[in-house]
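Below, each structure is written out as structure tokens.
The two complexes that follow have subunit A in common; it is paired with subunit B in the first and with subunit C in the second.
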Partner chain A sequence: MVALAPPGEETLIHSRRTLFWLLTPAVALLLLTTTYPLVYALANSFRYWVLSRPGQERWVGFENYTRAFGDSDFLNSLLVSVNYTALAVVFAVSLGLGIALLLQKASRLHTFVKVLLIFPFAVSPALKGFSFRFMLDSHSGVFDAIADVIVRSVGWVLTLGGLVHYPAFQIGGLEAGRLTLLPALKFPVTADTIWLADGFWALFWMAMSEVWGWAPLFALMFLGALGSIDTDIFNAARIDGATSGRIFWHITLPLLRPVILIVTLLKIISSLRMFDQVVTMTGGGPGRATETINHLIYQVGFGRGLDMGYASAMAYILVVALSLFAFLYVRVLFRRA
Partner chain B sequence: MKRFWSLLLVLALSIAGAQTPTAADYNLQEGKPYDGTELNFLICCTAVAQFAALIERTQEFTELTGITVNWSNTPYESYKDEILVEASAGTGSYDLVAWVDAWGPQLEPFLLPIDDRAAADGVDLSDYPEVYLDAARLGTDTLYGLPLRGHAFMLWYRQDLLEEAGLEVPTTWQEVAAAAQTIREQTDMEGVSLYYNVGTGQNLFPWLSMLWGAGGDVFDENNRPIFNNETGLEVTEFYANFIREGLTAPDAVTKGEQEGWQAVAQGRAAMFPGWSWIYESLANPEFSEPEVIDNLGFVAAPGWEGGERTSYGYIWPVGIFSGSRNQDAAWEYLKFLTNDQVNLELVLDKSVPELSTVVATRYSALRSPEVNETTGGLQEAMADSLEQARTEPLVPEWLEVQSVLEVAINEIANGADVKGTLDTAAADVEEIMSRAGYY
Partner chain C sequence: MTVTRARTPAMTGRPRPRLRWGNLMDTFASLLVVVFVLLPIFWLTLTAFKGQRDAFSLRLFFEPTLANFRTIFSDTYRAGDMLVDSLVVSSITILITLPVAIVAAYAFSRFRFRGSDLLLVWVLATQFLPPVVVLLPFYNLFRRPFGWLPESWLDVSFFDNLSRFTLLDTYAALIILNLSFTLPYAIWLLKGFVDALPGELEEAAYVDGSTTFGVLRHITFPLILPGIIVSAAFAFISTWNEFIFALVVGGQRVTTVQVGLNLMNSATGVIWGQMSAVGVLIMVPLIALSFLIRRHFVSGITSGAVK
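So, the complex of A and B:
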């Protein structure tokens, strides 16, 4: 007599085995495409390996790491990346939240607007860089033109309203001075600013090119989160006489906190990896004012140095810093949750 | 009558036979010894007229040799990465490669020396400007490639504007500055369109031309930086004064070479220092205003007052990967690409606008009266310029050094102190060279 395993157990074993074989290719692929390069790069970070000097590869211990912390270019790029990240995160999250709050109330245009919101995110980062570079051009850029139109419009309104008086002169009995002076009005900040020639403005606009794509995406995420909040909470607050401001600060914002923290984490990680717009918009300039850490790593590894060992070490410093940050952030996030 | 037609046919056939080029006409091996071989050529930007024309001519090469060639058309932005991957991995995926001169020394370990082949097949190296061969030797005594594409540094100007201002064509950088000042005072145009941005070292083109002309240099004979010496300071101060004194547009700090020539093409600037290939854009109605095309003037790059008229050459050599499994067939194609007859015919052929090029690398084409007739003497001016030209320092560390220098120049153009910035740059360069083991 043969002892038979209960039918359920056999199915379970069979199912586990099947699962194992089904998962194996995916796990192997993951190991090959993520773990292997990570381990390989880690090993390289302890080696002298310059592509144009084959045969001279050797282990150098922590030399590449100590070099990084004494390298003014590396320290500068770290600072640039942090500044850039701060600008991009603050603007993307706050604008995204602002857009979501504006679109919170149901309207017939909702679906249409939501579709529109996803478009900027779909634009490739390199293309955003090129577009912003053209838009900021001092000869034919639209930013300066729009700013000038705004200031002229304000000028017309103030002049016609009699609030501003220009040194008028007469042509054929008509007071022509103010009319001829107005077209020459320039927006005070933009008139003499060459955006990408100034370190602060170049970094600011680079961040804005990214905010332009991310803020609408965050708006969609915030809209989803807002939709999931029970409206009874808002109604109760209103009945108790809470103002809109108090409702926002004491109800909406705390309830949105998990989403805000998650999108902030996403944006920080994405911003620290900034590369495309540096290439297409500023080239890292003026000087090295917009050279982010990722761009420097690329330049050292491929662009100018071919120094794979040093580039790997810098990349690992970034990986460790990001991992540490993400770990602490997520820990705090979950603790509070 | 029948005999007449037979004779006519024989005559026609013999004329046709005489006009059909043979492998020997291009210095290629006869008998198709590599018939059926497929070559892969790692190159970028096949829409460039010269390359597009060469692709067209490759059909003829295939008919003569039985060798087929695939041009890779890698985007310029990832071109160097692709070369590096192929070079370091040594997969043998590509047989031939063309590179920008500044990258050459870094590629030396991966390229096949071709001196013996060139000597055996009687390739006339004296037909090339020495500056082109220097770059093809990668700063060594060994030849690793032949010039495929090359440019001379020129001064482009608007003849009408100079004439109206009563100015002669500038021959020194000091005259360029004076002419720019006059034009600025007499018109609302930019005197000279310069470019100081950070990118691929383009802001060093005029600076190096000035530095060499003034007798200065980047390195001394021991590869120690000397660009911050008295001559270097004088030249850099002079170069920065173009923007500081309003002789070029204030946004020149954000401009690259392309935005530089576009200012001339759009009628916003009177002069522009740049490469000879730009003729293809400045003389093209698609890019340039009619008054620009009608009044376009060019001359070899200016010299330095009291110094020499040292110019600047820029070259793309073509060579063979040492890991290629088809080195002999690749050499055949390399000879065809750089053949004197092909070089000449390419610049003479104006039948298809998209394939019409002004780029020639050999003196036989550059000095050809027929060629010069098509461009108003551009190639003659190129040849003059190239005879006195130098190229960037051919050391593997040049791209790192270039990065330090271009940032320094950009900062100086943005108002930084000249001496302090150059001294800092020199210290950085010394560190790069020291780390590389030069001293």
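So, the complex of A and C:
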């Protein structure tokens, strides 16, 4: 017999058999869909198994693993994934925090903006990739047009303020619909930057496509956490003469720390699994500048060679890295529950 | 960031210009957020209704046309079939996920047994596996009959005869793969809803001689119905958005909308008008659903339901 411990103090008696029937379907399905592939992939990672070369399968020990750590493609994909994760996490969390702090104060406009924050959620990852690729297009990209407008307005305002003579901004040659910035400004963009043809910018924009989707959702999470903080704390601090900066550093940020931790871990996990936008936005290019681990494994396993053994070994290296973060995350979640 | 100093009536005689400047900045920043959030969606929707000639122009005003939608629903692209495939895969996945997750969530919430925490950790952690790890073994399992047996155990000619009995490109294959990520967070989400219920009602029913399944059906189920709807919505969204499984396992007979989107990425470049039209088809049900589950976003994100 198993003792039932409901939220109340009373305990009821259930039979073991009931418990068994309640849990068996879920456990059986999860064994099939997650644990079985995990075990099977581990076994495959020690085998030479290329589908296009039937009849040559054999056990090779750690050969696939040693091959991975000597493979420049794999090491490159590790670096790409780490860089991408850093970009995505830093931008998504800080932007989410910024939006939350902005919308924290109750006003009609803020309520309206908060409703809009869920819209990016409606865009699937694959669609995010295409949508950003379209907006970054070198001929008709809307980003370049907007940047152009901004540069023009800044030039106009500066001229108005008598700080510079506007024609100075035309040295770079501002043409309609095309972003051309002054080389003298040392902005990292030059006149002819085709965003996705440049290694750094391709990775950057891929991260931004993900930041665009997640920052508003994180802002919603932060707003939820901020809403549960008693406003008396802020009022008391202000009456004591604390500046907004100090209130942020010493009150808001410490109170938000648990949520920030959860959100950061979650974003790290999802960034290490990045795949969809690589396919729809860059295809891993230019060169291998945006080839994440997942995309490389996909290419090796299903694309070029159908090399199941090697792909499984690389996938397992990723599993080890991911399970570290996954367990940290689950622990944090349990402590909260 | 924009926290202005508190101005109790005693402190402020009249509004100072600095406060108005702060309000202006606040409004400007809020509008910037609006532009940031809506721009990609707005631009995509606009492009979907543009004609061939306007697709590459930046014009905001143009003659709207349904030509792109007509093209994608024609026999060349068959967007209608894609929608059906996506709907079938999503709905069957949900129909399997929910009953299994409800009873498991009830067990996790109401029973304490040896290893119950460990089992729950396992359930929750499995969804964070990289999808390729799930895909590599299942691809081989689906590829041929008896895929779970090593290739060398069976005669090669045996496979030649049976090669058409493959699970690749079937609904079943995609549904099995989707279950690997919908089940964990559905269990966790629903467990939260059961946890929030007071135990007294159930106890009263048990005292009256009801069985566990009777209690589940007549008491717990109606009370956690909102949670069930939320879990169903999240399951729909994540299976609707799923890409890598559908890309590798599907593609010929079973083509989901996400893979259909990728079909617009031809060798000669992306066909932006049609891509945008498929994009609009993808977004419409999701926008509707996200308003339905607005209040549950936070739990959806923490449980891993939002990808």
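Everything below uses one rule, namely that the second predicted complex is superposed on the first by the 268 of 337 C-alpha atoms of A that agree within 3 Å, B and C clash if a C-alpha of one lies under 4 Å from a C-alpha of the other, contacts with A are read in each partner's own complex, and residues count from 1 in each chain.
Quick note on the criterion: contacts are C-beta pairs under 8 Å (C-beta built on N, C-alpha and C of every residue); 3 or more make two chains touch, one makes a residue touch a chain.
Because the structure is a prediction, the values reported are computed rather than measured.
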| Putting subunit B and subunit C on the same copy of subunit A, do they fit or clash? | clash
| task | Counting touched residues of subunit A, say whether subunit B or subunit C comes out ahead. | result | C
| message | Quick one: is A:84 in contact with subunit B, with subunit C, with both, or with neither? Answer first, second, both or neither. | response | neither
| message | With both complexes superposed on chain A, which partner does A:54 reach: first (subunit B), second (subunit C), both or neither? | response | both
| said: Just to be sure I read the superposition right, which of the two partners does A:305 touch: subunit B = first, subunit C = second, or both, or neither? | reply: first
| request: Once the structures are superposed on A, label A:139 by its partner contacts, choosing first (subunit B), second (subunit C), both or neither. | output: both
| task | Kindly classify A:74 by the partners it touches after superposition: subunit B alone (first), subunit C alone (second), both, or neither? | result | neither
| message | Once chain A of both complexes is superposed, is A:318 in touch with subunit B (first), subunit C (second), both, or neither? | response | second
| task | Once the structures are superposed on A, label A:287 by its partner contacts, choosing first (subunit B), second (subunit C), both or neither. | result | first
| said: Taking the superposition on A as described, I'd like to know which of subunit B and subunit C A:279 touches: first, second, both or neither. | reply: both
| message | In the superposed model, only one of 37-45, 55-63, 163-171 or 181-189 in subunit C has C-alpha atoms clashing with subunit B. Which one? | response | 163-171
| field | Contact residues of subunit A, present in both the subunit B and the subunit C interface | value | 51, 54, 137, 139, 279, 302
| subunit A-touching residues of subunit B, taken from the complex the two chains share | 77, 80-81, 84, 87-88, 105-109, 197-200, 249-251, 253-254, 256, 268, 396, 399-400, 402-403, 407, 410-411, 414, 416
| note | In the complex, the residues of subunit A that touch subunit C are 2-8, 10, 12, 14, 18-19, 21-23, 25-27, 29-30, 32-38, 40-41, 44, 51, 54-55, 57, 98-99, 101-105, 107, 109-110, 113, 115-128, 130-135, 137, 139-140, 142, 145, 177, 212, 216-217, 220-221, 224, 234-235, 238-239, 244, 247-248, 262-263, 266, 269-270, 272-273, 275-276, 279-280, 293-294, 297-298, 301-302, 308, 311-312, 315-316, 318-319, 322-323, 325-327, 329-330, 333-334, 337
| Sites on subunit C touched by subunit A in the complex | 1-6, 26-27, 29-30, 33-34, 36-41, 43-44, 47, 55-58, 96, 99-101, 103-104, 106-107, 110-113, 117, 119-140, 150-152, 156, 176-177, 179-180, 183-184, 187, 192, 195, 198-200, 202-203, 206, 211-213, 237, 240-241, 243-244, 247-248, 258, 261-262, 264-265, 270, 272, 275-276, 279, 282-283, 286-287, 290-291, 294, 297-298, 301-302, 304, 306-307
| remark: Listed in rising order, the residues of subunit A that touch subunit B in the complex are 51-54, 137-139, 194, 196-197, 279, 282-288, 299, 302-306
